[in-house]
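Have a look at this one.
Letters A, B, C and D mark the chains as written, and numbering starts fresh at 1 in each.
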Amino acid sequence: MKKLGLFVTIICGAILLYATGEFPRWGEVRSPASLHVSPHYIKYSVEETDVPNIVTSVLADYRGFDTMFETTVIFCAGLACFLLLRVFGRDDELTPEEEKGIFYRHLPTGIVIQFKKEDVEIRHKDFEVVDSKLVPYDLIIKTACRVLIPFIQLFALYVVAHGDFSPGGGFQGGVIFGASIILLAIAFNLRSAIEKINEKLLGILSALGVFIYAGIGWLCLLLGGNFLDYGRLASILPVDPIRARALGMLGVEIGVGIAVMAVMIIIYINIASAGRHDEGL
Amino acid sequence: MEQIYSIRPLIAVLISLVVVPIIIASGNRPNWREAWTFLAGIIKFGIVASMVSGVLKGHIYYCRLVKIAPGLSIGFRVDGLGLTFALVASFLWIVTSLYSIGYMRGLDEHSQTRFFSFFAVALSSTIGVAFASNLLTMYLFYELLSLSTYPLVTHHQDEEAKISGRKYLTYILSTSIGLVLPAMIVCYHIAGTLDFTHGGFLAGKASPLLLSILLLMFVFGFAKAAIMPLHSWLPAAMVAPTPVSALLHAVAVVKVGVFSIIRIFTGVYGVSLIKALHMGTVIAYICAITIVVGSLIAMSQDELKRRLAFSTISQLSYIVLGISLLTPRGMIGGIIHIVMHAFGKITLFFGAGAIFVATGKKYISELDGLGKKMPLTFLAFFIGALSVIGLPPTGGFYSKWYLVLGCVDAHQIGLLIVLLLSSFLNAVYFLPIVFRAFFGSPSDHEEIGVREAPKCCVIPMIVTSVISILLFFYQGVFYRLISIGLKF
Amino acid sequence: MQHIFQEIMGKYNYWLYIVLMMIGLYGMIAKNNLIKKLVGMNIFQTAIILFYISIGYKKGGTLPIIEIPHGHHSISPAAIDIDKYINPLPHVLMLTAIVVSVATFGVAVAVALKIYKEYNTLEEDEIRMRLRER
Amino acid sequence: MMTTDNVFAVLLVVTPLVCAFFVMGLHWVDRRWCYPLAVIANGISFISAVEILISVVKHGTIHYRLGGWRPPIGIEYRIDLLNAVVLVIVSTVALVNLFASYNDISRELPEKKGTFYSLYLLFLTGLLGVVVTGDLFNLYVLLEITSLSAYSQIALGDVRRGPFASLNYIFIGVIGASFYLLGVGYIYIMTGSLNMADVAHLLTRLHYSQAIFVAFIFCMVGVWIKMALFPLHIWLPNAYTYAPTASGRVIAPLMTKVMVYVMIRLMFTVFGITYLFKVVHISQFVVWLASVAIIYGGLMALSQNNLKKMLTYIIVSEIGYMVGGAWLGNKLGLTGAILHIINDAFMTFALFLAAGNFAYRLGELTLDNFNDIFSKMPWTMAGFVVAGLSIIGVPPTCGFFSKWYLLLGAFAARQYFFFVALILSSLVNAILFFRIFEKGLFGGGGHHVSVRGEIQEAPVNMIICLGLISVGLVVLGLYAGDIVNTFIIPFIPQGLG
């Protein structure tokens, strides 16, 4: 296998390098790539879409259709992780910790207690059963995260909203927001993260996010334009077609943001807990 | 010589297909089932017969179903040759269905419904081959026949049936896919059409070598004609119930093979082209070998049906030999032998089946003295034997006579001798059977109560034997049909 | 020689990325541990992404966000100098490609987890052995 | 200009997409609605596919400019006869399979139904999108959607082998997709465009560029990996064998066919025949490869003892048919290849449907379980026989006619090896299937005594689907001539020998 791999890679590399001879030099201003289609974007982005961030305008408008499917890819990944990993109910085999004894967490303090004797059973609202790995309890990290997370989320919103004028957009914002929740899950524990934003909500959000995108496309269709032709939104928005494009983009960016956020969390919670949705890492 | 558009050929082919679902539906009510079979058979024969007068007037009925590409279509075309074959096949189907009722019920075989349905399918594919207007259609029905006969051959579903069924398919399918299909493709590629035309469509289209190779591919590719060395499926297929052997391996299947070769000769290549290729003699001699060897092997067989099988092999080669003589009388003799041999051989098979039903005996050595108990059966058997040997007053004489004349015309003395020799051999391996039956001393452990087989078995036998006598006197219609078909 | 050297220097980006790609590809084919294969996969895809990005670069170009002069609300196409902004298209394409590779990676890890649950190992040869013996 | 844009072109793809999201949502609200919604979505895309086909036949190529941007700037849908036909095939097969697979899914994945249907719809969306798009990069994205959903569906299959097969598929699939992406990248560097038509126009100047040659090679290899052409097929048998019944039935027939479509599209629309047969001289090589694939697939199929595995190897050899036909470089060959895309999609689908029915009753699909199956499951077996005959290429089933054109093409192109390979594979298939028919007809050793009593015919809906398709095989065969004249001949590019 190794030999074969080496052989294949060398052949491929050789072929690829052989062809670079004809490429324009790096940073060549007059390369075909920068002369054929891209000039149109650079020149007319502002005029046609009123969005100075060309990447955003190309992403969400000129090639918006690609982006819709790109979001779908993400959605698909979340779906797949759920389908593959999620196990409903407790699965039979116990983790070593569980065999050692039974863990209880005291909710107000978050301290985890372990009982060596099996027969002990605490029925009290302040205690919950911890059915898997013991999570090290660290006050500093928790406190730090408690402070950080709101700002992270605020920043995420900014990145989504301001994607037209500065680097950023739905994906980036969504990922940041998702990261904030994941941080919560890591610093505290997965269960409390899931309490904040539960599986059902995530599932619906992920679908909703992409649906916002496709829905705006449909709206344009219904308003008599082509699919994703945001200009048509002008007839229901109090703005001119050009501005309407910008707003349409903002809309889809928000959709993308929601979807990406939800999917990131879905993937994390399913992979981190192997689909059991218990303590997690 | 006018072309008449008519759906009669189509109906003639489809009628027995249409009846299949009804047969299956009425599976649990045997009488209805057989009634349907008869109805279909009679309608089929009626339609086929209704075209005789027209064809005798020189008309040609045609009917194109679908057009696949220029020069490539699925359609039917009724000319003298096809009609001759169709007449025989469709008539014998009626007789055989009567016989098989007697046989299957007499032995109360299992899954008779399947038997009758596939029988019907086999018949439509036979007629399909007879009426095919081009090579593609012929190939289509040829394959359909191979597939639909497989469940019939393996009817008993035991180990022996399994093995012979395997052999049957191996020979038939591998030759048709491996030889005929490529040859057909090449034909279409070089000629741009596959429609049978008098005088053929290949003349001057390719180098003689290629054409000769293609011809051989066709001749051996239609392995149902059982030309040696591709013959050994035929004895194997004799495990089938006797009605199957009777109709399919004396009439339908094998004759389909021969008929396809005839079409190749007359419709694809044309006599003149084959003459030019000097392939006639080659094939004639291959057949001659088959004839002699077949007869010799037949003599050594003790099981009655196997002996019949090998005699079939040699008789089939008579037909091909007749065609490949390429002289008018030879060709007519060959083609008319389809008719004569059909009636003769089916009588023999009916006889064998009747003996089996009545006594359960398969081997010739057991037949001593049975003639007194089952006179009708053996009388019919005798007549059938005469016809196959080719002695007057039976139709077989007529066809052999023409074959001999054909040899003379073609100045093929060697073949002439072969024919005479093999007729003698036929006599040698058929007459002793009858002789044993009538004059042989019954074997010591004497069965009591051996009587004629059920009526359903005897009547068809008598019918066919009578017809093969009548054919000696009234064969004119076939003669005229064939000569119209061959345009002599 | 000189020429070749300049040639390479002029396009060293492509060379680097192709080499990187091949490293990833080799990892995918030759490694025995499934996770290592996954890492190889990521390297491979990332290298392709870098390759694309480097297509878009222009000497002296800045990132493709049009600077609208202060006071104005918009800017006329004529006033925009194409060479000033790098080619945005590869960036867009690669945003998609990144997402795709992330998604693929996610699914792959999920599948790997399933495999681990079943066999308690991620060494390919061991898994194949288990499969053979059953 | 707006008026020419045909709404169905976008409905086709977007309906299943949007419904996928709804199904996902409904999974959390009320699962009973998931299945009907999926069926409706699939039905709508089927109808629009048919509409598109009709209007393409009537008025020629359809354009749809997404976002209303003109082609090189925005993404464009460009639908000519070839896509239209493939679209109809894809949506039909998916729809029928959806009807057939109700029982399987409720049995195999009870509490994940909704999400599964959502995934199924995404798979459908991906396939349709791949076929319909006229943009090289958009094709890549949709290809990835298709693959992702395929990977995860396969991983849901056989607990022991499914995930492993799926992971191998992921690795190889990613390599394939990345090769294609690289190829596109090279094209982009040299031309600066991603729109197929535009690229095709620009390439005419660049015929003799090494970079374009490399791009061509990488696109082709990528596609071949995805479609599992002979040396690159390793992933296919396991992946398709251990997929869940419901998914395998649709992935196996469609994935490969769609990839073959992509290959033909790239070859004849993007690079053009002059480039294929005048400039680069690899057609000879590819045809040989295809012939080897045909024979290899057949032989491997012979050596299998599991029905599904056998079928997957048959697919490998069928791919050889289509690739070889496309690369023969003459009208007949290409006609045969395209006709075979249509026929083979339905043939393999019928076979897998039958296999699904067997699996539903027999469980294990080892060939010994087929003893005396004719009497147990007559209808399923009847359908299976028709499909088998069609694969063998017995007239009047459709398999015969595509093989006919391929053979003609091979002979016309003097590719005798390919010719022989085709004939041989017919013989091998004959052996393959009659082996099973024989087992079915004869009791045999009776290894399956324990269950034999309980086996009965598969559920009605599965039977109906199978019957529908197997009748369709004969109908397709009888109308092969019309299909060729209406749908295929007009597509064949001019100047092809």
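Rule of thumb we're sticking to: a residue touches a chain if its C-beta (ideal position, glycine included) is under 8 Å from a C-beta of that chain, and two chains touch if they have at least 3 such contacts.
Because the structure is a prediction, the values reported are computed rather than measured.
Q: Which chain is most central here if centres come from C-alpha coordinates alone?
A: D
Q: Looking only at C-beta pairs in contact, point me to the busier pair out of A-D and C-D.
A: Most contacts of the two pairs: A-D.
Q: Centre to centre, by mean C-alpha position, how many angstrom separate subunit A and subunit B?
A: 76
Q: Just the number, please: Cα centre separation of subunit A and subunit D in whole Å.
A: The separation of the two C-alpha centroids amounts to 32 Å.
Q: Between subunit B and subunit C, what distance separates the C-alpha centroids? Give it in angstrom.
A: Between these chains, centre-to-centre, one finds 72 Å.
Q: Indicate the whole-number Å distance between the mean C-alpha point of subunit C and the mean C-alpha point of subunit D.
A: 29
Q: If I count partner chains per residue in subunit A, which residues reach a count of at least 2?
A: 16, 20-21, 23, 31, 33-34, 37-38, 41, 63, 66, 70, 73, 76-77, 80, 84
Q: What residues in subunit D touch two or more of the other chains?
A: 137, 141, 144, 148, 151-152, 155, 163, 182, 188-189, 194
Q: Indicate the residues of subunit B shared as contacts by at least two other chains.
A: If we look for residues of subunit B contacting two or more partner chains, we find none.
Q: Are the chains arranged, by touching, as a line, ring, star, complete graph, or other?
A: The chain contacts form none of line, ring, star or complete graph.
Q: Over in the complex, which subunit D residues touch subunit A? Could you list them?
A: On the subunit D side, the touching residues are 2, 5, 7, 10, 14, 17-18, 21-22, 24-25, 27-28, 64-69, 72-75, 109, 111-112, 115-116, 118-119, 122, 125, 129, 135, 137-138, 141-142, 144-145, 148-149, 151-152, 155-156, 163, 182, 186, 188-194, 202, 209-211, 213-215, 217-218.
Q: With touch defined as at the start, can you tell me which subunit A residues reach subunit D in the complex?
A: 15-16, 18-24, 31-38, 40-41, 61-66, 69-70, 72-73, 75-77, 79-80, 82-84, 86, 88, 200, 203-204, 206-208, 210-211, 214-215, 217-218, 221, 225-231
Q: Under the definition above, what is the set of subunit A residues touching subunit C in their complex?
A: That would be residues 1-2, 4-6, 8-10, 12-13, 16-17, 20-21, 23, 25-29, 31, 33-34, 37-39, 41-47, 50, 52-55, 58-59, 63, 66-67, 70-71, 73-74, 76-78, 80-81, 84-85, 165-167, 171, 267, 270-271, 274 of subunit A.
Q: Provide the residue numbers of subunit B that touch subunit D in the complex, in ascending order.
A: Subunit B reaches subunit D through residues 65-69, 72-74, 136, 139-140, 143-144, 147, 151, 154, 157, 162, 165-166, 169, 173-174, 177-178, 181-182, 185-186, 188-189.
Q: Quick one: in the complex, what on subunit C touches subunit A?
A: Residues of subunit C touching subunit A: 7, 10-15, 18-19, 21-23, 25-26, 28-30, 32, 54-61, 63-68, 74-77, 80, 82-83, 85-93, 95-96, 99-100, 102-104, 106-107, 109-111, 113-114, 117.
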